[in-house]
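Chain IDs A, B, C, D, E and F follow the sequence of writing; residue 1 opens each chain.
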Amino acid sequence: MNRLYKYSLPAAVGALGIFTLTSPALAQDAAKATMTMDAKYVFNTLLFLIGGFLVMWMAAGFAMLEAGLVRSKNVSMQCTKNISLFAIAGLMFWITGYNLMYEGVDGGFMGSFGPKAIPDPAKDAGDYSASSDWFFQMVFCATTASIVSGTLAERIKIWPFLIFTALLTGFIYPIQGSWEWGTGWLDKMGFSDFAGSTLVHSAGGWAALAGALILGARIGKYGKDGRVHPMPGSSMPLATLGTFILWLGWFGFNGASQLAMGTISDAASVSKIFVNTNMAAAAGVMVAITLTQVLYKKIDITMALNGALAGLVSITAEPLMPSVVQAIFIGGIGGAIVVFVVPLLDKLKIDDVVGAIPVHLVAGIWGTMIVPWSNSDASFGVQAIGVAAIGAFVFFSSSIIWLALKATIGIRPTAEEERLGLDAVEIGIEAYPEFSKGGSPV
Amino acid sequence: MKYIIAIIKPHRLDEVRSALSDAGIEGITVTEVKGHGRQKGHSEIYRGAEYQVNFLPKTKIEVAVDSALADKAVSAIKEAACTDKIGDGKIFVLALESATRIRTGETGKDAV
Amino acid sequence: MNRLYKYSLPAAVGALGIFTLTSPALAQDAAKATMTMDAKYVFNTLLFLIGGFLVMWMAAGFAMLEAGLVRSKNVSMQCTKNISLFAIAGLMFWITGYNLMYEGVDGGFMGSFGPKAIPDPAKDAGDYSASSDWFFQMVFCATTASIVSGTLAERIKIWPFLIFTALLTGFIYPIQGSWEWGTGWLDKMGFSDFAGSTLVHSAGGWAALAGALILGARIGKYGKDGRVHPMPGSSMPLATLGTFILWLGWFGFNGASQLAMGTISDAASVSKIFVNTNMAAAAGVMVAITLTQVLYKKIDITMALNGALAGLVSITAEPLMPSVVQAIFIGGIGGAIVVFVVPLLDKLKIDDVVGAIPVHLVAGIWGTMIVPWSNSDASFGVQAIGVAAIGAFVFFSSSIIWLALKATIGIRPTAEEERLGLDAVEIGIEAYPEFSKGGSPV
Amino acid sequence: MNRLYKYSLPAAVGALGIFTLTSPALAQDAAKATMTMDAKYVFNTLLFLIGGFLVMWMAAGFAMLEAGLVRSKNVSMQCTKNISLFAIAGLMFWITGYNLMYEGVDGGFMGSFGPKAIPDPAKDAGDYSASSDWFFQMVFCATTASIVSGTLAERIKIWPFLIFTALLTGFIYPIQGSWEWGTGWLDKMGFSDFAGSTLVHSAGGWAALAGALILGARIGKYGKDGRVHPMPGSSMPLATLGTFILWLGWFGFNGASQLAMGTISDAASVSKIFVNTNMAAAAGVMVAITLTQVLYKKIDITMALNGALAGLVSITAEPLMPSVVQAIFIGGIGGAIVVFVVPLLDKLKIDDVVGAIPVHLVAGIWGTMIVPWSNSDASFGVQAIGVAAIGAFVFFSSSIIWLALKATIGIRPTAEEERLGLDAVEIGIEAYPEFSKGGSPV
Amino acid sequence: MKYIIAIIKPHRLDEVRSALSDAGIEGITVTEVKGHGRQKGHSEIYRGAEYQVNFLPKTKIEVAVDSALADKAVSAIKEAACTDKIGDGKIFVLALESATRIRTGETGKDAV
Amino acid sequence: MKYIIAIIKPHRLDEVRSALSDAGIEGITVTEVKGHGRQKGHSEIYRGAEYQVNFLPKTKIEVAVDSALADKAVSAIKEAACTDKIGDGKIFVLALESATRIRTGETGKDAV
């Protein structure tokens, strides 16, 4: 489904009818005109704005989740990265992103260059406000960047990370996004990704994976004997808060991806999406806590949190069509993915600090591939092509950028700096500076 | 004078403090520490990987006393800290050469 | 008031009129038709969705409030319980809850069994989307479960707690809820509980009280000499954050309980509810800080936070009819309740870790009983019957479940485990694991 | 622009037309009638409610930001102040504030005395619900009070602070607010402050500055040798969370200050405001991190957070008219202001704990003065008059209150109490009490 | 050699460190501790129940010095830490048998 | 008996604990401390003002051992803690007069 919403003609004609009723026959037509165009415009715009601020809030969710899952000595860094990347995404998605993604793609591989024109409100006509649409699409772009930040935590220098973010949000994300939501070649082919399991979550996951491979694991994470040395995060309540924020924001993420709310069926669709989104998350939690209880005799709270998110990512490719039972199943598998992929990555010595790869990349693929189960317009073959094409493009282009950064300004602090913690090295202040400060004059 | 260092279970601190107080000892300094001994910690799971929590939370108390009070102090701590379970901790006694009260400059017995 | 909103007939007829205006006479009728049915549908649905996500967010509020008010060694546990209970509530309220509460109650004592049908959006007609209604009602159910979690903190094993949660959200809550909001016998009798002072808050409080009595107090809370040993929580800023989240969520809780927003008077009602809700919370804070200052010569921040919540619970039974002065009075008494009932429970050796019993149970009763002051349709007698009936049912059924759990799998960890903290015993990781971890390889 | 929204006459006439279409000529008129009055009413009201709850949420943002930027020993105090001030603002803005600000100002210097009448919903007619308007205006008033709280942290006694808050929210804020938004003399003169760079942010900043000067710096902040002794805050993640909350809330703050959403152009305006608001914040972050990197060779996270807020304050005076490039520039200068004014204040020995003076006062002035750049209705001269008049009034009246409080009940704790921390002295419990509690029985 | 342990008020740490530095002593180890002495804590209220905060935050410093420097070190600490108010703390001196610098393996005087 | 106090880099704790364990020493108490020595901290920027972080995070370990084991313990710690970089820390040995195991009341050699 592309993401440039167009009203269907009949509705528009009907709506028009309301102002021209001159004969009984036309009056019949008018009966279809169940809402004025203005009201529709406002409802659609409002959906973008509400959805937009909910997804914007997810930036805070990622910040808290990551702050909770890194060690104290890197928490200020993680917070700085998260607020900066949201700023960069906003700027870059305006400078090049939006138009690359949505302007004149027309079955092709990218749109046009140049900043998005934000219209004068007096001329911002159509079915919704173009500004509201920009805002809504922008926060999706920012989400992609947030995903990368968590995987690479605790061992990447800030400026190379921010440069990567600028390229990801200004170019990589919008180009692959144009293929589907910009009505590019994948959309023409029939690929289906309702709210971005692949376009947002897997894309972010691929960029993160490329970075993790090139950057390497944190010092000491994998012992010479092959043993994994867990490095527990600093604060489980912050990680929990972050997860709840993300869960909340996801109602905007999936719900507002309906892109319209000005008809009964659109409003009902948004509502059904809320239900399915919640069910998938709930199932993700339940599977994760049950599996960790069975496997490890204890519930792993970080898996429960990741389970919720994986459930959410899984349902994102198609939150509208599944029945509740399907949504529960789709989300539940997401929870299982987390429980099995997290240790698998450790076996492969891929160090993913917050579990973004299982949650966003793997569950994103799962969610995309299962779309045909509930949506008969989608086919497994085309879904696989989309997953592969976007995966290859994002992984490849990200790798080039990471390698270029590594070869030039360098992406990794020295071992001594990493041991000391990035807060002390690159950020003016540690996250909880009181103990280490020592020489307090008072 | 003696410098007594005791490692106890955190939840016995209150009892130990009162026992010392009953024995006429008011001055005491407390630190949160981690300990490893016969009681060895336990294994935890974090994100699918098991790891050893080698250290358990303990409380360290330090008391400087006049030599005459040392035995009384040691037994007060011993009785108040004992739960008869593994990990109850230990009491160490060191010789203390001198003590000074910062506020008054008093030294020796008067300072502890 | 029951909670199955029905449009009044005249409005519907009027609305219909708009499309059939053929004579001046009918045109006059049409003047009443001030909004199209579609717009009304969308507005009502939107109210459920916005209210729903705000109340969903309250789950995070409870999580943070409780994380802040338990000791560090039980914080991961508390976070795990809160995210799991929200997941369980979502699943159970779909499997049995909704239909038990709303399907075919008809003056009786419960509805029907079976999962709630989530309609195809194309057929989700009526005055609002059925899916949005389910979502909105579900988050209320989850709130009830959240209340229990705080009281029993620091000394209950997780699985018995979660099993209780499943039974509470799948059966106990919906059955008593059906009596009033499902148009059951209490509704027929004239009981009035606008947004759930009794149905949600007291119900949760009764379930918590039953648990607290059966579970007993935390080790060391009450000395042999009868002295109370306070066990200060781990983080006042998290508790404050939780309270602000709940305050915010409450605008959805009370405001969207108007159940409609598609007319001027409904929108104005929602607005008045916002005002009264805020006023009651504000008064709760002011009374709590003033009273603790007078009684203890210091402001007790935890009482200030509880005071806000008690003010909110108090106004929940009737947030629409009171004047501002009445709302301030109702909320202010809520604040006073907290200040006096918290130490009273301690005298009775009922160990309520976060103050859920004064806040939700006692202030919930107060709020329900004071409804007739501002709402002349309500009578003290009927209100008392409702409070007593629901109290008896929830307390009794909860007690049976707690006792059954105690007799079978056990509900309480060993004393040694309780001392060590539940995070170490049942959850993979402590809340702030860095200090205790010790053997960090880096 | 005044803040008593009135529909323009033509639209109203047109809207009316829809129900009287009897001739083709009238039908033409009716074509203008693009939305029913009822729908407009609901949309406008909804904008106030959504904007209102988002701005309410900013109270939590200030609480977390300040909790993160003060030292542990004053965190409970800061939380208590923030929840109490929000309660007081709600009460005072009803008792005297609203009417002083909006009732019968008519070109003058203040409105009338007496509590705001909250109408019966059945009579709450007009273009929007009066209750929703009160709620929306109230949360702005509370924001002003929040600003003061941060600057004076760690060295002010709670009750004098709360008394000041009551006078600020009940009198000072509404009186100066009436000059512009209540259609007072400044509005007549052509002063322009869309969402309150001056009326809310600078006003709060002036009140804070007066307090900071009269209260003096924290003990030990400024050494005898003129050296500045930084006192790092307790928790960078909480400060980050607070900033994200504020950023989110600002969409309500600026967006809903459009005051209407019931037409295409209003909805489009709200959308454009979202875009500009986000751009200004993003630019503030980028400038702050770049400048601190260049100046200090490290990114100062607290400057990044303050930079976001300064960007937001800067755009608040005129978030609608600027182009995106202008918004970026306006916000970016805000970020620069923070980086330069924070150390400047230290040089002047003005101790502003959280940076509220640079963020709210200085960036507020900047934002107000730059309005004419994008809004040709505004003139630099009149903007300067507004800034000066409000500055003088708020600074002067605040100073009198602070001095009176100092002379009577005293505003500052003893040096010994300040060293010990206000939590131990005035609040029942420290923020993180576990370590200091010591004698835990368990 | 001597092992000096001093309990001081937290806000005097900076002064004590400079005073030691002026006395030629750079090596110092600091711990956050809680203390109880003549200054006895205060009572707090939590949710309507009063309780005793028995311990006040103090800072412990440890300095190993050559015996020749011990007196100088003690008086440097005493002067820098003194505020003439109750709770100023104490200085304890113990005999130190041996010291080893881990990096170089140096022992004795050279190691402290 | 001897009372060994060692200040080490935090990330060497695990190695030191195993080395001691290999040397037959299980009892050990650990504290998070801050240290200042030749390695002097660094300057930080907070809100435009520079300040000195005078202290670096270190870990203190305390081990009471029978005199016969003291040298072995010291060299075990030395080897395991050494990274050859500045700030590696020091090992101090004090005489221990008596030791008591709280649980059993054992004293002396048996208690350590």
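Just so we're on the same page, a contact is a pair of C-beta atoms (placed from the backbone, for glycine too) under 8 Å apart; a residue touches a chain by one contact, two chains touch by 3 or more.
Predicted, not measured: the structure shown is a model, and the values here were computed from it.
Fitting subunit E to subunit F on C-alpha positions gives a rotation angle of 120 degrees, to the nearest 5.
Homomeric contact subunit B/subunit F: same residue numbering on both sides for under half of the interface positions.
Here the repeat of C-E among A-B, D-E or A-F is A-B, since over half of its contact pairs match by residue number.
Between the interfaces A-C and A-B, more contacting C-beta pairs are found at A-C. Centre-to-centre separation of subunit B and subunit C, using mean CA positions: 47 Å. Centre to centre, using the average C-alpha position, subunit D and subunit F are separated by 52 Å.
If you average the CA atoms of subunit A and of subunit D, the two centres end up 31 Å from each other.
Those residues of subunit D in touch with two or more other chains are numbered 21, 36, 39, 46, 50, 220, 229, 232, 235, 241, 292, 296, 298, 300, 302-303, 419, 428-429, 433, 435, 437-442. In subunit E, the residues touching two or more other chains are 11, 14, 17, 30-32, 34, 36, 44-46, 51, 54-55, 85, 94-95. Residues of subunit B touching subunit F in their complex: 2, 5-8, 31-38, 54-55, 58, 60, 74, 77-78, 81-95. For subunit E in complex with subunit C, the residues that touch the partner chain are 44-51.
Listing the residues of subunit A that touch subunit F in their complex gives 220, 416, 419, 424, 428-429, 433, 435-439.
By the touch rule above, subunit D contacts subunit A in their complex via residues 21, 24, 27, 30-31, 33-36, 39, 43, 46, 50, 54, 71-72, 218-220, 223, 229, 231-237, 239-241, 243-245, 247-248, 251, 255, 261-272, 274-275, 278-279, 281-286, 289, 292-293, 296, 298-305, 308, 320, 323-324, 328, 418-419.
For subunit A in complex with subunit D, the residues that touch the partner chain are 19-22, 36-39, 41-42, 45-46, 48-50, 52-53, 56-57, 59-60, 63-64, 67-68, 75-76, 79-80, 82-84, 86-88, 90-91, 94, 115, 118-119, 121-122, 124-125, 129-132, 134-135, 138, 158-159, 235, 238, 241, 426-434, 437, 440-442.
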